[in-house]
Amino acid sequence: MIKALIAKLFSYFSLPHILVGFVWVVFKFAVIAAIMVVVVLMLVLMERRVLAVLTIRKGPNRVGPNGLLQTIADAIKLLFKEDIVPTGADRVLFTLAPVLFFAPVLVVYGLIPFAEGRAGIDSSCSLLLLLAVSSVGILGLVSAGWASNNKYSMLGSMRSVAQGISYELPLVIAALGVVLLSGSMSLNEIVLAQKNILDWYILPSGIGFFIFLTCTLAELNRCPFDLPEAESELVGGYNTEYSGMKFALFFLAEYALLFAYSAVIATLFFGGYTSPFGVYAMGFIPYLKKIVFVEQFFWLMLKTFVIVYLIMWIRATLPRLRADQLMSFSWKFLLPLSFLNLILLALLKYYLG
Amino acid sequence: MVIEELKLNIGPQHPSTHGVLRLVADLDGEYIKDIEAKIGYLHRGMEKLAESRNYQQYLPIVDRIDYLSGFFNAASFCYAVEALADIKVPKRAEYIRFITMELNRISSHLFWLGTFMLDLGATSPLFYTLREREVIVKLFEDLTGQRLMYNYYCFGGVKRDLPNGWLTRVREFCEDFPSKIDEYEKLITENPIFLERTKGVGVLSKEKALDFGITGPNLRASGVRFDVRKNLPYGIYREFNFDVPVLNDGDCYARYQIRLLEMRESIKLIQRAIARIPGGASEKLHIKRTNCGCNKPECPFCGEDTQIYLKKINPIGLRIPSNEVNIWVESSRGLSGCYVKSNGTNSADRVKWRTPSFSATQVLPELCKGGLYADVIAILGSLDIVLPEVDR
Amino acid sequence: MFLGGFGAFFAFAVFSVMFAVAALVVSFILAPKAPSENKKSTYECGMQPKGEGQINFSVKYYMFAILFIIFEIEALFLFPWAVIFKKLGLFALIEAFIFVFVLLLGLVYACQKDLLEWRR
Amino acid sequence: MSFYEFLNNHGIDYSQEQEASGGVVLSIKKEDLLACCEILKTDRLFNYDMLLSVTGMDCRTHFEILYDLYSTRSHSRLSLKIKTDRVNPNVESLYSLYSSADWHERECFDLLGIEFVNHPNLERILLPKDWIGHPLRKDYNQEDERLCWNKR
């Protein structure tokens, strides 16, 4: 619809038609970036409010109605904050690190199908791309820790790389189980294969979901795997020396990734944007039939936020693991378990359908 | 290629050193090869201050030694001066001291539990424990007017009587509180990650504990049954029969459990004390005048010009014949000792504070060596160190 | 279509980097600048740092990295298998099982050699 | 065998005092300290296995050091008191018997300047390394211009 509009405009102003595709991509990017920013602003507030409720506090409730504008105020504050580069730091890498951490996140957003056929990047192997891109972020953390020339940052980045590496594997193999079930690497097709609640892949691949969620927590550096930035041990971890917008980019990317991974979990195991009942309410109403993607977007958001809440709940409950326990948990428990899951799913698929 | 070592300063400005402790660690990856504790960043010269102040002026300061359990410091100093001046404390005042000290022990342990869990990375228990601690602190505020530095005890008793309904509120708290401990236990005790982080971590053997002079819950978690309240009773503790919980493991988990048991025990003690507290007029709460009975005009105690009114600020202050005394009190962290040497004037010749955290800090490097960096934080948290008490 | 599929992917990558850089540039223009020696000093709990912060990684990390690469490549081999699993039939199923079994043997071997232990 | 017989048997000179709260203070000779502590610690009956504090005092003519011992076997406490000169004060360190002596003696050295012979690491603990003087001595000059609070 909008693409057609753009094409019309181009022919009206007699601009070269070859640029239409390019403008279309720019438009999609703008929409997805807007979604990301809004989602992050909501998530930060949500996290603070959820944690506050779970720990019998009130949370932010001063800025704006009921504290709703708190994160916007924070963002503006960070934008206007002085950006300090410590002496002895590697200036180039120090500036590059937040970019390196942040940029893959937006690409991940581009790969998530928000509604039927509506993803920023249409690709037949979007799941593989997603897994590949999302692990680039670790490079950002490592270079941040290295460039800061700070021992705490260094320790934090060492931890993050060890953790990132170890939990990437079970994550990929758990995702492999879903690929096996659906026979496709396109997220869109994976979603379409689970059109109602009985088709959800959590049912055959419950172990896979558990592994994927655990690894997600580790990839996100969230409790109980928040070792790279464990504030009671490493003060701030890899972002100890960061301030101003560079810190904000780290912060933004972290929360954006939280949402992205939750959306991926919803997509892989909970039917993504499809309605759990197999039919859409909007599909019955004549005029709204055309914009049924709004309802699909709503379903994805609902599922994602339930998972986000689950992750926040875990944060409020559990203490932090120790580095060696973290590693052995991944290599000695999660990795064999994920292979077992794969074998079970293959047998299931072979014998049942 | 030479493997470089990382020499890392943990503290003085670090989120989990509980004040301004500085640990200098040699790290090999995540492992602690060597660690050294450096103290003194909070040294305020508490012992030197005693030389230039008279006894009444010094009394408010002693609350600052261990700010989380101020009553114990005040109690040990009061008991010391009372022993020197031979003042007998009225029964009701002793009971009030007893109740406030035990409540203080609970509030201190609660704060410890919260911060310990925070060190381990769990944020929620802090808020739950602070919720209960707030009740106690509110009780103290209504009693003394202060939330932390109470300055409530005076030589010969306590400064004022309990407010109306105060004991009822304490009783209500005591009835309510055990269920709250159960709540913490539900959240923490069985948690597999918590067990992994604490079981077998920082094992303080019985011999080492004795060698380093560790006292209090840390010692009892290592299997030594030593509690000053029981073994060398002071105040009215000898009138109460109570259990001293002892565990044998000596690791962080045992130190966690022992404090929960102690809180439960303290609750029982408070309940029994409330049942037995004698009534009486409020003017009987403290001895206003010490009297050695000789009634000679030149006597420093009975003479007309040096009568001591402990309630009022007296420019002359309390004059104490030269003698020495060494009082031990079981504070929430262990044996808190106060040595006072008087010299016949109104200020002490020497005051020495023997504090449990000092010994606990001393043993810390021993426990941390060979462990992981994260263990240092867990052990530091489990030892319950309060830095103002270490440095004084 | 122009920029479909992978084209869009690369466009997104470029735009994302531009987005992040733009945020930094905006902040660079807006933020105040008042550097001082104390402010710029490296944080180490208020003490003067001794020695370099940029030290060598412990060799254990390389072991994990090598293991990671082995397993990650193996996992990648399994992806195409998983996609056309249905068409390949029993033979491919058994073959994949043998493949996974060999992988797990490698893991057990690494475990036996204490490569997965953090303690020396 | 009573405690005092026990001391006599080991040839330790002591004079016994009682402090105001009823605790026992034994004044012994400086030279006897290490030997006395050793027999007190190793004896199976008395077994004073904890050194709880080391208190140094400036008595203007001399220094006194008070050692608080505690026995977890018999649950009794005992204080040992020794005297040392003001000029060149020194005493044998108890570090070989009790690890806790380490910091307690360092504190005593820091604040009073008493030297503990054979102490492994006798340096200031509470005050900075470049501090001037020993504050708990009665003749400590707080107006010393070299002290940081007197510097303008």
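Each chain gets a letter, A, B, C and D, in the order it is written, and its residues are counted from 1.
By definition in this document, contacts are C-beta pairs under 8 Å (C-beta built on N, C-alpha and C of every residue); 3 or more make two chains touch, one makes a residue touch a chain.
These numbers were taken from a predicted model, which means no experiment stands behind them.
Visitor: Have a look and report which chain pair racks up the highest count of C-beta pairs in contact.
Guide: A-C
Visitor: Taking each chain's centre as the mean of its CA atoms, how far is chain A from chain B in angstrom?
Guide: Once rounded, the distance between the two centres reads 48 Å.
Visitor: If you average the CA atoms of chain A and of chain D, how far apart do the two points sit, in angstrom?
Guide: Taking the average C-alpha coordinate of chain A and of chain D, the gap between them is 63 Å.
Visitor: I'd like to verify one number: the distance from the centre of chain C to the centre of chain D, where each centre is the average of its C-alpha atoms, in whole angstrom.
Guide: 59
Visitor: Got the chain B residues that touch at least 2 other chains?
Guide: 6, 8, 14, 29-30, 372
Visitor: Which chain D residues touch at least two other chains?
Guide: Not one residue in chain D touches at least two other chains.
Visitor: On chain C, where are the residues touching two or more other chains?
Guide: 44-45, 49, 52, 55, 58, 118-119
Visitor: If you go through all the chains, which pairs of them touch?
Guide: The complete list of chain pairs in contact reads A-B, A-C, B-C, B-D.
Visitor: Using the touch definition up top, name the residues of chain D that touch chain B in the complex.
Guide: 19-21, 23, 25, 49-53, 55, 57-58, 66, 68, 70, 72, 75, 77, 79, 98-100, 102-104, 107, 111, 124-128, 135-136
Visitor: In the complex, go through chain A and note every residue touching chain B.
Guide: 51, 54-57, 151-152, 154-155, 158-159, 223-224, 226-227, 230-233, 235, 315-325
Visitor: For the complex, which residues does chain C have touching chain A?
Guide: Against chain A, the touching part of chain C is residues 1-9, 11-13, 15-17, 19-21, 23-24, 26-28, 30-35, 37, 39-45, 49, 52-55, 57-58, 61, 64-65, 67-68, 71-72, 75, 78-79, 82-86, 90, 93, 96-97, 100, 103-104, 107, 110-111, 116-119.
Visitor: Going by the contact rule set out above, which residues of chain A touch chain C in the complex?
Guide: Interface residues on chain A, with respect to chain C: 18, 20-22, 24-26, 28-29, 33, 78-89, 95, 98-99, 102-107, 110, 120-124, 128-129, 146, 148-154, 158, 161-162, 165-166, 168-169, 172-173, 176, 179-180, 183-185, 235, 240-241, 244-246, 248-249, 323-324, 327-328, 331-332, 335-336, 339, 342-343, 346-347, 349-350.
Visitor: Using the touch rule from the top, collect the residues of chain B that touch chain C in their complex.
Guide: Residues in contact with chain C: 1, 3-14, 22, 28-31, 372.
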